[in-house]
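Chain IDs A, B, C, D and E follow the sequence of writing; residue 1 opens each chain.
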Amino acid sequence: MESTVEQYVPSDYLPIIIQFAAALGFVIFALVATHLLGPKRKSEVKGAAWESGIESVGDARTPISYKYFMTAILFVLFDVEIIFMYPWAVNFREFGVDGFLQMFVFMGMLLAGFFYVIKKGILKWE
Amino acid sequence: MESVDLIYKAIYILAIFGITLLIATYSTYFERKIAAFIQDRVGPNRAGPLGLLQPLADAGKLFFKEDFIPSKSNKALFIIGPGIAMLVAAMSSAVIPFGDNLIIDGHVVFLQAIEVNIGVLYIFGVVSLGVYGLMIGGWASNNKFSLLGAIRAASQNISYELAMGLSLIAVLMLSGSLSLREIAAQQAGFNWNIWYQPLGFLIFLVCAFAETNRTPFDLPESEAELIGGYHTEYGSMKLGMYLFAEYINIFVASAVMATLYFGAYNFPFMEDLRAAISDPVLANNVVTLVGVAVMFAKIFLFIFFFMWVRWTLPRFRYDQLMKLGWQILIPLAILNILLTGGGILLKDYLF
Amino acid sequence: MNQIPEVIRTIPLEYYLFFSTALFAIGVIGVLTRRNAIVIFMCVELMLNAVNILLTALSAYRADASAQVFVFFIMAVAAAEVCVGLAIIVMTYRNIRSTDVQLLSYLKW
Amino acid sequence: MITALLLFWPALAALLVLFIKGTGAKKVAFVAALVEFALSLFALSGFDAQNGNTQMALSFPWIESAGINFSIGMDGISVLMVLLTTFLIPLIILSSFKHEYKNPNVFYALILFMQTGLIGVFVAMDAFLFYFFWEVALIPVYFIAAIWGGTDRIKVTFKFFLYTIFGSLFMLAAFVYLYLQTPGTHTSDVNAFYQLTLSAESQSWIFWFLFIAFAIKMPVFPFHTWQPDTYTEAPTQATMLLSGIMLKMGIYGVIRWLLPVVPMGVSQWDEVVLVLSIIGIVYASIIAIRQRDLKRLIAYSSIAHVGLIAAGIFTLNEQGLQGGVIQMLSHGINVVGLFFIIDIIFSRTNTREITSLGGITQNAKALSIFFMILLLGSVALPLTNGFVGEFLLLSGVFQYNAWFGAVAGLTIILGAVYMLRMFQGVMFGTKSEQTEAFTDLTLNEMAVLIPLVIMVFWIGLFPNTFLSISEPAVMNLLTIINR
Amino acid sequence: MTSIILLSIFGIANLFIGFLKSKRILLPLALFFLIIVFGVNLFSWNDPQSYFNNMLTIDNYAVAFTGIMTLTTLLLIPFSQRYVEERDSNLAEYYSLLLFSLVGAIMMVSYENMIMLFVGIEILSIAMYVLAGSNKKSLRSNEAALKYFLMGAFFTGILLFGMVLIYGATGSFNITEIGAAQIATDGVMSTMFVLGLLMLIIGISFKISAAPFHFWTPDVYDGTPTFFTAFMSTVVKTAGVAAFYKLMAAAFAASYVTWFPTMIAITVLTLVVGNIGAVIQSSAKRMLAYSSISHAGYLLMSLIAFNERSDSSILFYSLAYSTATVAAFGVLKMVAAQRGGEKYESFNGLGRTNPLLAFAMTVSMLSLAGIPLTAGFFAKFFVFTTVLQDNNLMWLVIIAVILAAVGIYYYFRVVIAMYMQPAGDYEKINVGSFASFVLIFITVLTILLGIAPALVSDIL
């Protein structure tokens, strides 16, 4: 694919800004338009949170199950580890068997941690 | 980059953006039509012939609804939420090659908004930002159902992102590149990755469903449990943007799957077609345009698949969903990596 | 893959240096002045990212991969730190229902 | 080899004693101390009194890389100090027999362990070894005083401990400095220190570093504040150890490690030291006259005596040094004896206030006699041990400066005043409530006092037995000082 | 290297063994692991090897410090017996985290490249953040963890920025090459370099809690469960100082003049703050925290002396300090658990109820105070000798000597409480068999080193 290799300059990244501008433009347009077009009638009942018609009690900003935090924390860890595999995967052929074995060890560690987490019951949602 | 190129690029980008919106809009129509078909009904048929104007009517209705903000919510975040969701969804298609290059007036124009050598990472990065949209919206609503929906959405998204990322690694090992265009180009003709990566594709497919919050993974917005999930409190175009974002995500996910596994714009006998036309420029352009058609055909196929599944499969339970994501897909994906690695090495060793 | 360093090098090194120093300083000031544990923590992450940016720039300028490798290490470590940090903040939050570090004065400074 | 045996036997015995439960501990400790005394006599028999150099030396690398050796040995001064130690320790142990201390095994083990430290100080021929034993000797006595002492013991003994440690840390710093001045790969051997030629300036401050350490231990006038309290609050055995032997460590330190090492520093500051010492003599004597508590009185008298010894040795002449050595022995014997007698009185009357005592002579003839002899030794009556030492010391001071000598001579007069007043108050007069049923000495107490009294007379009548042993060593030192 | 790998494997294995029903096996097993590592480590003696493209070098320096840190952990582990008895559900994790942080510590003493230093510090620190907060229900523990974490992460950032600036100035992360780069420029240094050096110093000073970056120490040490405080104040500190010295010796020897003023200021401040701070404490645990600051000061003294004796004196000091501190915290833990409180008063009459504990505590206090017959004396002695090699630093030694005397004051408060105060209604404390053995071992070791210091001081 030599033909695609060209000199990169910062302006090569301009299209992304165009796309961003287009997307942002649409979003802002839509939000402003709906704001201007729609009717506005305020009332207390309408402003209340809609919780299946039941009177809403207290604030929604209550603590939630720690499992969600656990999932988030685990995600951060695993995601970074997975991102590490990307450069390896791209250069997989160059590294050859050695690289494969090294990644094997790496994955072994990752899996060890993974199984530990599973056995600890962090991912049990029942 | 020359300014002419830039103008071509700009036109292309706007075109793709328009097409994206259009497809997203009409996805709703197809969704209902397919649902009707599967359930042996007629579906939308009032607005326009065959109800074809129904999506536009819907969009118009959304625009004219009251732009309502609940009194207890966090106003700024309440508005930003859907904005982010939409923005991110619209950004994600930037690196997808919808076709090969067109030669217009001597200028070579690639049918891809931008070529970066980390295309896969770009998609990943941008798509995972989408979860902020849901999370912010759900939290800002200050409604317990919204919050629960948002959190579910977030944890579901991040969980399946892992398996998705892992399943991609196998593809990257094959391609040796992170550039989507290069990956697409490598699958010239009928040399599609799906032949080498059936398991990887399956995992990716499942993850794609989960990432887009589609049935059977639509727990964040399951009507029966959470009313509407994170967008319970939303109305008018803000709700519209959440829905739009979801359909755009389906479109992008389909495009990515087509690119990564189904050869993107490549089709069998591509070279034969190219050879059949004598003028190289014309040949190139014709092949490219056919390629674009093929690409969109593949995308539509996937979109259809998304809808088909929606009306076929029941919803998961949340624990089943998490179990599937963490305990089945991730090990499977790692297994897939090992198999792929072993296979590649074996092949290099033998030949 | 070899072209990106060239792109980086089209901007003088000082710019990166000042940029990342500014970012770093913002982080430091944030840590020192904010009271919310999560904000403090985000400021710390900002500091780390300032470092990453500078490392990347230096790596491009010196054509030396070791700095980029360091970025990887920093990211991995930062991820681990995030996990532990968030866990600690959540744990504290569950006990005092706040993330304000000033509320924690059971031990005098 | 015998030196090493002398050094380590008490430590081994201490370990042994530690494991003996109940009252058996004191007996074993006593026997061990006697064995040690026998060993020291044996060592003395092999000692060549004509030779001023280090004998029975033993040296092997301790911290090889730093050139620090475990080198021990004895010259005339050391051997006398060792003898004093080994002589007094059995008596001190014996003197405790009538007491029932809690955890006797620990108590006696600590005493024996301290003996190792004390002997180590006297035989160490390496600066760091000296410092090492210096501190080793301190720790047990601190614990003895602080655990088995009187009501106010914690604060008082801690003050004592901090004081002495503080001083000795300065000594350590000075030693380290000196050590680093030695040529080549450094060494901390005593002879290497003697050969150092340092600038007057550094000698001057090293002098003060070392002097503060020794002065606190002795104690010389402004550094004495810990002493009366500690002596009062510590159990009698600890007081005996402190006053009888430990105090000599300071003087010995001056003789061995200060005078010959920094002679220029000494010549620069000796007047100051002499003035301090003499102020101490007068000051302590006057305070002593005003004391009502027996222990405190003896404590202050001790300061006065030590002041004279310090003054004597800083005169840097033979009389002064020899007098210092012999007075160390005498003072050790006298003060141990006096403290023991006070202990006897206290144990029977439960008071140490002179005013609430009196008329003991009527009940306890033997006690009176022993008390009188020791007291006279202490006030330097001719024919007693105190006379020899004080005479030599005073003549040394006179040689140095007649005015100093004249003032220092006050110690004898003032000493006689407070000692005799005390004797009068305690022993004569009418019986008080407390002394009503006073009983005379027991056999056990006799056994302690008789050897002491014998020594009082021996030194008083035949001082040459001891002076001749230390003389070559003192001459040797003087030549080094005047190099 | 083998020890790093083994420790990692053992750590992971330990996690899984923790799933077994019986937790009884964990403690002996952890000991067993550490003994193996300790033994294996010794095989690298006099056999310098470089690993991972010169990222790590296992030389005698590394082996010696690895030995000390492994030994310290080994001695510390038996004090967790209480956790075993209470069937703490996270026991396996505690051990594993200790093993992991030991890996970090070993990396910190054997690094050849600043990347490894950073990774080592972080492995060590992250495990410690968790352990600091291991008592989830206790607000004090929470707070300690949060403070330690936020401050730790913050200073890690500073450390990193320093490393990057150094890299920017010299073009390498390899400490030997950094050293060579300065010689190449004849000691002329850019602002970037000086700034980087300063930030590095600040970053590491934090880790070893040197003043003025010590402010977190008392709080964190106080709030952290005692068992882990002991680890923090021994292994973490040893690793930090060893890494610091290695960094300075290999990378910044040529710019001695540049960093010397900063370092000496830090050292003096550390000594003063540590000792004076300890005096005014009413809790023995906080006193030990301040004492650990002051000991960092003594360790820094031999660092700034910067001559051929520095490494052995740091080594000896670390050993003496670590063993004594382990015993001190171990006894403190048992006393506090039984008598409920870490005040000095809790020690009242311990000499009567538990002679062994009291004796071990006394020896370790004496050792920390630097009184002869204990290893602590020679530790201080070597430090002073090292510093005085350079005549200009006499004043520093004098300050240190005075402060050492101050130190005796607060260490003896514990001793006094144990022997000279009545026991009141306190009962005899149950000491586990492992813990008793360790206490005896430490006591013997401390005294042995106090008599024959050459056993350790001469090896480097």
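Heads up, the rule we're going with is that a residue touches a chain if its C-beta (ideal position, glycine included) is under 8 Å from a C-beta of that chain, and two chains touch if they have at least 3 such contacts.
It should be emphasised that the depicted structure is a prediction, and the values quoted were computed from it without experimental measurement.
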| item | value |
| --- | --- |
| Chain pair with the most C-beta contacts | A-B |
| Chain occupying the most central position, where position means C-alpha average | E |
| Of all other chains, the one whose Cα centre sits farthest from subunit C | D |
| Longest centre-to-centre distance from subunit E, chain (CA-based) | B |
| Subunit A and subunit B, separation of their C-alpha mean positions in angstrom | 14 |
| Centre-to-centre distance between subunit D and subunit A (centres being mean Cα positions), rounded to whole Å | 82 |
| Intercentroid distance (Cα basis), subunit C paired with subunit B, Å | 32 |
| Distance between the centres, which are taken as Cα means, of subunit E and subunit A, whole angstrom | 40 |
| Where subunit A touches two or more other chains, by residue | 9, 12, 72, 79, 83 |
| Touching residues on subunit A, where the partner in the complex is subunit B | 1, 4, 9, 11-16, 18-20, 22-24, 26-28, 30-31, 33-35, 37-41, 44, 46-52, 56, 59-62, 64, 68, 71-72, 75, 78-79, 82-83, 85-86, 89-93, 96-97, 100, 103-104, 107, 111, 114, 118, 123-126 |
| Subunit C-touching residues of subunit E, taken from the complex the two chains share | 115, 118-119, 122, 126, 129-130, 133, 136-137, 139-140, 142-147, 149-150, 153-154, 156-158, 160-161, 163-164, 167-168, 171-173, 215, 218-219, 222-223 |
| Subunit B - residues contacting subunit A, complex | 1, 6, 9-10, 13-14, 17, 21, 62-68, 70-72, 79, 82-83, 86-87, 90-91, 94, 113-116, 120-121, 139, 141-148, 151, 154-155, 158-159, 161-162, 165-166, 169-170, 172-173, 175-179, 181-182, 185, 227, 232-233, 236-238, 240-241, 318-319, 322-323, 326-327, 330-331, 334, 337-338, 341-342, 344-345, 348 |
| Residue numbers on subunit E that touch subunit D, as the complex places them | 312, 351, 366, 371-373, 377-378, 381-382, 384-385, 388-389, 391, 394, 397-398, 401-402, 404-405, 408-409, 412, 416, 419-421, 452-454, 457-458 |
| Complex contacts: residues of subunit C adjacent to subunit E | 17, 24, 27-28, 31, 37, 40-41, 44, 47-48, 50-51, 54-55, 58, 62, 64, 66-67, 69-70, 73-74, 77, 80-81, 84-85, 87-89, 91-92, 95-96, 101, 104, 106-109 |
